[in-house]
Amino acid sequence: MTAFDREQDDTVALRMTGVTRTFGAKPGLMQKLRLAPPQPVVHALDGIDLTIERGGFVGLVGESGSGKSTLGRIAAGLLRATAGKVSVFGHDPMAGREIHRQVQLIFQDPQASLNPRIRVDRALSEAPLFHGLTKPSEVDAYVAAQMTRAGLDPAFRFRFPHQFSGGQRQRVSIARALAMQPRFLVCDESVASLDVSIQAQILNLFMSLRRELDLTYLFISHDLRVVQHVADRVVIMYLGRIVEDAPAAEFFANPNHPYTIGLLAEIPDLRQRRKVFVPVKGEIPSPIAPPPGCHYHTRCPFAFDRCRVERPALKLVAPQHLSACHLNDTLGGNPTARNKGA
Amino acid sequence: MILWLIRRIAQAVLVVFAMSVVVFMGMHMIGSPADMLLAPDATQADRAQLIAELGLDRPLLEQYWRFLVSALHGDLGRSFVYNVPAVTLILQRLPATLELAFSALFLAILFGVPLGLYAGLRPDSWLGRGITTGSILGFSLPSFWVGLLLIMTFSVSLHWLPASGRGETVRVFGVNWSFLTLDGLRHMILPAINLALFKISLVIRLTRAGVREVMPLDYVRFARAKGLRPGRIVVMHILRNIMIPLVTVLGIELGSTIAFAVVTESIFSWPGAGKLILDSINALDRPVVVAYLLVVVTLFVLINLVVDILYRFLDPRVRVEAAA
Amino acid sequence: MSVTSATVRPVKARAGTLRRFLRSPTAVVGLVLLTLLIFGALFAPQIAPQNPFDLRAIDVMDARLEPGSKNLAGDLTYWLGTDGQGRDLLSAILYGLRTSLTVGVGSAVIAGVLGTVLGLIAAWSGGFLDALIMRVVDLLMSLPSILIALLLLALLGKGVGNVILTLVLLEWAYYARTARGQALVEGKRDYVEAARGLGLPIRRILLRHILPNCLPPLLVIAALQVARAITLEATLSFLGLGVPVTQPSLGLLVANGFQFMLSGEYWISFFPGLTLLLAIVAINLVADRLREVLDPRSLR
Amino acid sequence: MTAPLLKVENLHTRFRSEDGTLDAVRDVSFSLAPGETLGLVGESGSGKSVTGFSIMGLIDPPGEIAGGRIMFRDRDLTQLPAEEMRRLRGNRIAMVFQDPMMTLNPVLMVGTQMIEAIQAHERVGKAAARARARDALGAMGIPSPEARLDAYPHQMSGGMRQRVAIATALLNHPDLIIADEPTTALDVSIQAQILAEVQELTRKRGMALIWITHDLSVIAGIADSIAVMYAGRIVEQGDVDAVLDRTRHPYTAGLIGSLPGSAAPGSMLTQIQGTTPSLLNPPQGCAFHPRCARMTPECLRQPAPEAGADHHMVRCFNPLTGDPSQPETAA
Amino acid sequence: EDLTIGFADPVSSIDPQLNNHAGDHSVSQHFWPTIVGQRTEGGLIPGLAAEWKNTDPTTWEFKLRDNAVWTDGTPVTADDVAFSYQRALDVPGSVASFKSFLRTVDKVEVKDPHTVVITTKAPDPILPINLSSIYIVSKHVGETATTDDYNSGKAMVTSGPYAFVSYTPGDRIEMKRDDNYWGDKQVWDKVSYRYIANPAARTAALLSGDVDVIDKVSVSDIKTLEDNNKVKVWSYPGLRVLILQPSFNPEPNKFITDNAGKPLDKNPLLDVKVRQALNMAINREAVVDRVMRGGATVATQWMPADTFGYDPDHAEIAFDPDGAKKLLSDAGYPEGFKLTMHVPGDRYPLAPETAQAIAQFWSRIGVQTQVEVVPFSVYSGAANKNEYAMSMIGWGNGTAEGTYAMTSILATNDKEKGLGASNWGRYSNPKLDEALAAASSEFDDAKREAIIKDAVKVVMDDVGIIPLFHYKNIWASRPDLKVVPYNSDRTEAMQVSKAE
């Protein structure tokens, strides 16, 4: 253990408080002179509070554009938050090599995240050598060990990424991350591009690695089934905000937020045959001009006046179960109850 | 849009300024035009007098300053050789060059696009392969050589077309045009082909590459899945999308076509600006060279402007970004 | 944990670049031709019957002899005839090829390195330096290149070195633009972010990760620019600038023979022209195929 | 049972390339009645899309349909002249592709792309066609359809584009629609919306539907029957309940087993070892044998399709019993 | 009947007094009279002046004919002549002025409307020859006209065999016969005078029937054209000579080095033996035959045979490489030395090719010669400063008599007197300077010719210049036309007639 390790807060892997991130071009001369309308600003993240305990496996779910990747990249130190505080093991993830090494991001598309012109052996050894995790004399064995751990035959070390199948490529990118001896893995849709049979292989790999290496996971996905299988805590995002956050079992048993309930209803299920699909009403609003109040009110079947003006706070609705819905404050209470019968 | 225009023009002015400095310096370093211009029996006194008349006896900086001042007043000086305002001289000759360049461009599109389309749509047919390989030839042949071959074949041996010169012209808007008379057209064919050869190859290749790129895209497949007629697919879905790179490249190429007209013009004795500029460089006729480059750069800016506008028209994505 | 070894995608499906290159018959023809020509150029002093640059070796009395003629002394056969100076054309072509290829390859390599470096610097630095470099590039690209070449050569004087210098000055902009554009595109790709995630320093990412991925299009441009440079040199020679007459390049041989085209002494410019043509076609064929096999899409 | 609308018999589609000949689809047969929904399932590269394109007549050189028949009503589509095939395409048979971002031409307005689809098959005035296009958009649940007609694709979200594509495919009320993973790239909520709309059309108009996917659970909800493809062949085929509840092919069983929803959270998922074989040189015999736990020496030969009860076909020498009470898997 | 001529020399303007350029001259000949005419065959002929005489060594009286009229109907008078000579001196924008032709003129007086009296500063026997190069424009139009007015046609009130129709700069001049012309009536109704710079293009234009006559036929095409029965070649000895000028600069010159490349501390060219060696090493016949393909005649002095001042005693320079080698070693250069010869690439036909052939010959006697071809724009400046070791000049002896070249290329360079302007090698020989001075004031033609012939001997014994060959003037035409030389190498419609 290095001095660095000892200093850090060892029980919390990730802590985000009030993290906001906006995107948008810097105003040009024309905007400054008010000759042109201001550049549109995208609120990718809007006041995120999130804490992941060490060893946790958090599934982050949300629709496309809800800010999942942005959150993941901020956690991995690849992007700076516009506002708010981020710490990973007690450090700013953008500060320094050591913390960089400890958080690793695994991307959705293994094809795109592997440099097509770099052989596996170099992909796996370059950064560890740079960070002093192995010595040039031992690098062969090191690479072989990483590959074996990720379920790849070390004999493939001289291949280029395109010489692998999709699942194998994802294993390569996992091996590349593991070679950095991380403690925290951010998986951004890491299984979304894979076939179901391959997806199962990779999910199994994640689960066994977690046990072997005592890893913390932030697992981003839009597939609730996957999250349900692997995560022990589920966080739901909608348009840059967290709307629900609960332990997995509790979450699937007692979902609270209307959006979550809608999502759960749409999960395809092998057991449901000749189902009658019900179209969800309303369009997903644009993150450029999110609706005021609760972002979900435009599609929410239970929306009432307060939802249109006031942003609901994330509140405890059960032990360890947070939800951001005004319905919890009303007398009628939790919409879950109402929905249970349906 | 206005800002963009202003920026463009400012850039152009900068380019022209830099250009004129370089040309001024360069021409000064090559030699004195007096040595070129004077009759061989001219005496040293004649020489000194001429140099004084042309203002070449002054320090270079002062010469440049004088040029700059009068340029700002719209006077780019008189040609040393022709004793005519340089701009007048260029404007007299430029239409002939432009006419040639545009004809070449026209031919390039006329032949290049259909051939390229064919080669792209049927890459494995022998004709498609032939077109592709043939287009390499168009790249490889030095144009002066082709020019002479054209003359030898079509003028000298077959007597089909005239070998040189511009033929009969008609004056419209104060400018002489060849394409309005039969004789003028006949004179234009060979030089235009000569100049167009490289462009035709270029257009063929661009079109072909574009078709090959666009063809497997889902939206073309979807267009076919809609049951559209092949003609409509080619025109609306394939061509429309290829036009974007094509217009960009052709815009840039029009400039180089004007420049490369130097070669064609000297082979076909085409009385255009290319020949003039070549002679002027040889004669160190600085005002003409500077004015020519100025006019050409201005032309370039205009062409780029047109290309940008076309681009906006062709690609809605750009249009919206610009509006935002 | 299972090790998936049995079912890797067979390598055959994605054969090596060279193997894939060789699958196109026209490209093979081009490659063979190019190899032959380069061989001829490299070993010109060994192969050529005469040193066409040595004035003592050539005799004006042998000027314009038909292909297959013997020289005055009868100890030398001019297989491709002689030019207006009595130079053995075969030798002149071999040496000329040397000059032309030197000009072409030399200018392309120098301009390529210079342009790529500047392009990467522009992409990497952004801001003012980027704007500055790109404006210079715009300026160069918006100038009529051949006229600038004429001016430059009039200023610098003839010579292989000066021609190369001129071409470099004109051509680097193309590489800079492509390199910058490509670097910007590549820079947005996931693998770059992945490399950042691995904590690698920016410069290393730029040079070892992004640059290799920018190279294929640059290589293709370079191959085409070699051809372009050779033709441009020929054109400049035709216009009276270019390389010295006593050390003719292919282009100059063609240009010199140009005056004999109408007089029936076709060989003086025909054979050099043919060689020039073959060389450029060969380069283009190879470049075309390179473009295909190096296309990143074929890897991705 | 009504007369089949579409009957595919022993379809064989292949691609020739520098690397060799690739049999993307071999010996594929199935039939489809009006109003019926067939789910075509399989891993990436198993030949699902190629099957769809073969029916559409959209196989381009170097690809070709090397054998078999595609009977649509009473006509063999493989023999149809190009012009007649064109008139069927988009009119009687329509197709929607996977990637919503790419199916629409970026430089043409949505309206233009829809109107041309109508005018390719019918002599309709522009205004009338436009009105139809607008209605079709509205039916897909797109707000302010009139304005959307003048939008460019890039001005729309992915879900909206995909709905435009589906609306376009449905414009001429086709008898058959082939949906090639049209919802894979979309969020669940939008997926449900699209499924709802497609479902309504099959119900109301008697439109037949081929839904292509790699995810069994998606089609469990809408399909009447399922065909599972592996390496270009259909390995199991039958009624949705039969295939899912009385699974007989080890591969199908593997697919079901690897779905996260089917195992207890946190437990290891049953997985199929290895990866999809290359079709350029597929394994000898049953293409699945290298990954199959039930492999026997016999499997080095190609198994013949074996029809069981209620047309439940399987192509396997060692099929599972099909008894739901004893779940057997490939691992 | 119409005639189309394709000509080679560029025209800078159709203002006849702007520039003393070959192309301008050719054009002006059609439109403008001169006071005295000149013909290649037969020297001076009457022009506007039917007769002229010296009243004393410095006074000339010209009697103008009275039937000459301008195209606007006004008669041509002595005022026009006086005006024209004045204008020729100070026409604005001239870069190659006609001044030198009037260098000796002191004043021009109008005695009566048809008599002009010209006084010279010193006796000038060749004044009429010089005046034959200056065109007379009309005073009443010319007084207010600028060069632009001539170019636009506004001031083209002419009095020549042809009248102006149109001028397209860089392309062509159209003209029609002037029926009021006082001289011989012309054959052609209309003449189209087209500028075709490239020699191959000219030949092609003739072969394709675009034009009827071309001038300055490329020597490489002569044979083809001669063999072609659809065209006819007209080739005549010309007055332009191609000469090498060795540098007489005593300073070390970077273009003359020893065989190792070190500059020699003494210029070997100062040694007459070396010059003789170089002169003898050249096989002029071979050059004329192989390089010039018969388009030239061997030059042994600066004037061709049968011209005023040609010395038949110097009709031969022996080709003797062995003798040359011996001379070299006598001079102290048994191993030879290295020399770079400069030649303009865009000025004299086949000059680079000729230079290379010479270089071959010199290299064989041990003088390893490099040829550097440079654009004339660069060449002229450097040559003028005597920077080159060996330069080449093509000299047009337009006046067809020997002193013209002597004044410009042989006389000791003297800025004050305007002598030796093109003496690029700075050759200086007092004997020649004396001869030139004597000839310049000698009115007796026979005596003058003798002086010039002596000068030839002086220069050629001294090898002050190395003459190479005289260019022939070559035209080609349709077979039914006849082209005769008229005024040196000028090309005019008047030269072309129908063949019987």
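So that you can tell them apart, the chains are marked A, B, C, D and E in the order they are listed, and the count of residues begins at 1 in each.
FYI, contacts are C-beta pairs under 8 Å (C-beta built on N, C-alpha and C of every residue); 3 or more make two chains touch, one makes a residue touch a chain.
All of these numbers come straight from a predicted model, not from anything done at the bench.
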Legend entry - Touching chain sets, computed without chain E: one piece
Inset, instruction - Sort out for me whether B-D or A-D is joined by the greater number of C-beta contact pairs. - result: A-D
Legend entry - Between chain E and chain C, distance of the C-alpha-averaged centres to the nearest whole Å: 45
Inset, instruction - For chain B and chain E, let me know how many angstrom lie between their CA-based centres, rounded off. - result: 38
Inset, instruction - Starting from the mean Cα coordinates of chain A and chain C, work out the distance between those two points in Å. - result: 50
Legend entry - For chain A paired with chain E, centre-to-centre distance based on mean C-alpha positions, whole Å: 89
Inset, instruction - Provide the list of chain B residues touching at least two other chains, using ranges where the numbers run on. - result: 30, 148, 152, 156, 266, 281-282
Legend entry - Sequence positions of chain E contacting 2 or more other chains: 200, 204, 207, 346, 375, 377-378
Inset, instruction - Can you tell me which residues of chain D touch two or more of the remaining chains? - result: 273, 275
Legend entry - Residues of chain B that touch chain D when the two form their complex: 124, 217-230, 232, 236-237, 240-241, 244, 314-317, 320
Legend entry - Contacting residues of chain C [partner chain E, same complex]: 55-56, 58-61, 63-64, 84-86, 154, 157-158, 240-241, 244-246, 258-265
Inset, instruction - Show which residues of chain A lie in contact with chain C when the two form their complex. - result: 73, 76-78, 97, 100-101, 104-105, 107, 109, 111-118, 126-127, 130-131, 148-149, 151-153, 155-156, 159-160, 162-165, 167-168, 171, 173, 176, 180, 201, 205, 208
Inset, instruction - Spell out the residues on chain D that touch chain A in their complex, using ranges where they run on. - result: 43-44, 141, 143, 157-160, 186-193, 195-197, 199, 214-218, 220-222, 224, 240-241, 244, 254-263, 265-266, 268-273, 275-276
Legend entry - In the complex, chain C residues that touch chain B: 26, 135, 138-139, 141-147, 150-152, 154-155, 227, 231, 234-235, 238-240, 251, 254-255, 258, 261-262, 269, 273, 276-277, 280-281, 284-285, 288
